[in-house]
Amino acid sequence: MSPRPQPRIETSMGTLTVDTITVRGRNLVDDLMGNIDAASLFFLEVTGRLPEEAENKLLNAMIVAIAEHGMMPSVIAARLTIFGAPESFQGAVASGLLGAGDVFVGPTSNVARILQVEAAEFEGSPAEKAEKIVDKYQQQGRRIPGLGHPHHPVDPRSEKLLAMQRELGAPRAHTDLMLAIHKAACDRRGKHLTFNAVAAVGAIASDIGIDWRAVRGIGLVARTIGLIGHVFEELNRPSAQAIWNLVEENSDYSDPQGA
Amino acid sequence: MSPRPQPRIETSMGTLTVDTITVRGRNLVDDLMGNIDAASLFFLEVTGRLPEEAENKLLNAMIVAIAEHGMMPSVIAARLTIFGAPESFQGAVASGLLGAGDVFVGPTSNVARILQVEAAEFEGSPAEKAEKIVDKYQQQGRRIPGLGHPHHPVDPRSEKLLAMQRELGAPRAHTDLMLAIHKAACDRRGKHLTFNAVAAVGAIASDIGIDWRAVRGIGLVARTIGLIGHVFEELNRPSAQAIWNLVEENSDYSDPQGA
Amino acid sequence: MSPRPQPRIETSMGTLTVDTITVRGRNLVDDLMGNIDAASLFFLEVTGRLPEEAENKLLNAMIVAIAEHGMMPSVIAARLTIFGAPESFQGAVASGLLGAGDVFVGPTSNVARILQVEAAEFEGSPAEKAEKIVDKYQQQGRRIPGLGHPHHPVDPRSEKLLAMQRELGAPRAHTDLMLAIHKAACDRRGKHLTFNAVAAVGAIASDIGIDWRAVRGIGLVARTIGLIGHVFEELNRPSAQAIWNLVEENSDYSDPQGA
Amino acid sequence: MSPRPQPRIETSMGTLTVDTITVRGRNLVDDLMGNIDAASLFFLEVTGRLPEEAENKLLNAMIVAIAEHGMMPSVIAARLTIFGAPESFQGAVASGLLGAGDVFVGPTSNVARILQVEAAEFEGSPAEKAEKIVDKYQQQGRRIPGLGHPHHPVDPRSEKLLAMQRELGAPRAHTDLMLAIHKAACDRRGKHLTFNAVAAVGAIASDIGIDWRAVRGIGLVARTIGLIGHVFEELNRPSAQAIWNLVEENSDYSDPQGA
């Protein structure tokens, strides 16, 4: 085969030379280590700039809000995985992370998509845009993500995030639109819907400049932290055998139909 | 089957009630959100307490140090995964995380294990313990993790972390032991070995009270952040097709022997 | 908390008693081991019945058709993963499997969905239904999965599968519909489109009675087999370092815009 | 950077040209499709040759033996994963596969390693080698994999596999050695130990020529098949919410010590 031109790969994430590690245009050792926290690094990774103080505080609060809620499905999966594969801590974390999909974590990106992308289809004030978005979802028979909760009229995590945003004087155009959507949806449904943490994270993440597709990254960082905690606890105080027994004892087998 | 007592599952990670989310003994909304950063939450998850300021700074610096180094193997894997499965951001991150195993991230836990567990087998001063540990590894024909680098006599990330530790006046018993091990290993080998970032992270994480098995969690948080950045860049500026072409064009197929 | 009734879990997959392992209504040891092959077990798992001989032959041919194609993206990902985590063979296979998503493997389920679900929206002969399906996709601006190929007018794997189906005298209503869709799409586009392996697998799997959502399972079994082969070769003849070097040498870093 | 010679990647797995797909030295369409089953393809992938009939029968029986046992930990993990990420069938399968590690699937490779590698350290008849291997494990305080079962003196899957091997007149040097190891271990312990399916698979896989490191691939293929069945059932008859409820209701939270 005669030599063909090799395709080139373009990246702005980072690079190494003999002397220097560069991360997103910064010198890793001189500019970043000791000067920024983990959340700021996440912010730098997905926006290309460092967060201002209010952005950093809000981002950290969002990560903290959604990292740990006890024995959730992804945590149970990770505990069962380390039980079968104790040699692979990362495998257990990964198995839990794989459940951070369209049901629990993805909706934060869907909220952000409405605010960053779909809202641009419409004109008018936030209240007018909100009406049109609620119309559109109603016509398509789709639920607006971030609204509603099985048990709670108020999600205290949302209240806290919204209060922080106000106190910090942070930009809030996307949040105002999401609140207007919330109001329009409650009016339309004729009942109160919870403005839940998914709505707050999707909106505030949009206001601090995170692209809608990267918003679910907030949940992935948060879940990784929570999963590491649970996998480590599982190593010290195993529960997987008890979980397995519970499931077996509460399972009823029947032959497949027509078998 | 007559009802058997259900096995109970014990956890100290977190729990939900109708009104409250508890994370590691704290009220999530009142005590944690707005008060702690993501790294502190990681620390709380794996130690059960909140970090002091110096501990927090060192932990953040360690996460920042090992999160992003450009086109590394796990990053390439994640980019190839999102190429085939664009519907699953978390799947791409998980595929990259699966490579954070015994070669790159695991050794930080191995360093911490030497300092937290293996060192207790021996008595004496740090220098004496270090000699005995180096003896043991030499007799077993094993390399001590964290020492050596293909190109660099000095790892600037280690230098920075050690300097921060000194300036912050943080506890450093484990770090001193690791430095003594480093000295003993260099003397024994008759040549300079780099005290690399694996050694610094394993030692400093031990000094801030992170159990050796959880030390690799620092790398998992860091890699998750870096992987999210790369997967997001891949969505905006795809490289996977170019990577695939490169590998195909530089691959030579031969029939299996005896086929 | 007063005892609440435990939720029950219903399954027809399998169960263990002190004496017997039951798989889908069969005794594992007496009925299945020695009597059925791996593909028949897959068929039993997803349909609840054992395949007839023609169904078995077609299923095996489909698995063989899509398991191994050399240095594909998912294979490269798996090789890079075992490089970083040699302790976890299953982690490397899983990392490759994570790329078996909507781009390469999922489309077989999408073809089957058209044939099993979407076609029921329309009435008439296969040719008439085909016209209406092509209309619908055209109006929605969507490509019909399984049609087209960057290089080949004919996909020899499809030809082989279709020939086997004819020779075996197997049911072919779904395949006939897919061929009619192919004809209608070619006519509409005014050019020949390849009837590729995705189309053949989606159609023939439908004809042997596999639910459209389980059709992608054929690709997952196939890929698992191929991935195991590559991960094992990687252990014997490592390529990951060369892949990494290739990618690094062909990558161009630039600072992020506005950084 | 002046152009450097690109590293080359060597493979014997497969390759594509404009006209032909080659898999392990065979023409995929002409030689393999329609002629071999999925298990034979697995065999070809990891050995480079096609299995003889007895080898094929034994391999299929081993896959069938270990694929499906109802509500096992990896299956529960996969069900919880599809609950959170219904968009990713492959992610759920991968999350279950990640638990196929050192506890359940890996031991088949460990048995094979004893027979293929460790046994070569010793000389003498099978009975003599067996004694020395049992000595070695006893001195190292290690359990020999494949021996023992919590409830059953006899594993009917092992009995079936051994009977098939005899009836097929297949080679059995490794199996004879494993049976001798079993006898020696029972004598040494003064009690009967079950010769379980792990022992049978590790030994018979060795006798049909599968390298010990690839033996765990048999379990990975088997588990993939079983996991696909369970994930598909979960889509039709969801159990994840019930599993989650069960675990939550049977969990007791306590604050971390010293928190």
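Note that the chains are named A, B, C and D in the order they appear, and that numbering of residues resets to 1 at the start of each chain.
Just so we're on the same page, a contact is a pair of C-beta atoms (placed from the backbone, for glycine too) under 8 Å apart; a residue touches a chain by one contact, two chains touch by 3 or more.
Only a predicted model underlies this, so the values are computations on that prediction, with no experimental measurement involved.
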Identify the chains in contact with chain B as well as chain C, in label order.
A, D
Pair sharing more residue contacts (C-beta pairs) when A-B is set against B-D:
A-B
Rounded Å distance, chain A centre to chain D centre (Cα mean)
36
Using Cα averages as centroids, what's the distance between chain B and chain D in whole Å?
30
Roughly how far is chain A from chain B, centre to centre by C-alpha average, rounded to an integer in Å?
22
Two or more partner chains touched - positions in chain C:
6-15, 22, 24, 70-71, 85, 87-88, 90-91, 94-95, 98-101, 105-106, 239, 242-243, 246-247, 250-251, 253
Chain D - residues contacting chain A, complex:
6, 70-74, 76-78, 80-81, 83-88, 91-92, 94-96, 98-106, 239-240, 242-244, 246-248, 250-251, 253
Spell out the part of chain D that touches chain C in their complex, as residue ranges.
1, 4, 6-16, 18, 21-24, 28-29, 32-34, 36-39, 41-42, 45-46, 57, 60-61, 63-65, 67-71, 75, 88-91, 93-95, 97-101, 105-106, 151-152, 156-157, 159-161, 164, 211, 213-214, 216-217, 220-222, 224-226, 228-230, 232-233, 235, 237, 239, 241-243, 245-246, 249
Considering only the defined contacts, which chain C positions touch chain A in the complex?
6-15, 22, 24-26, 48-49, 85, 87-88, 90-91, 94, 98, 247, 250-259
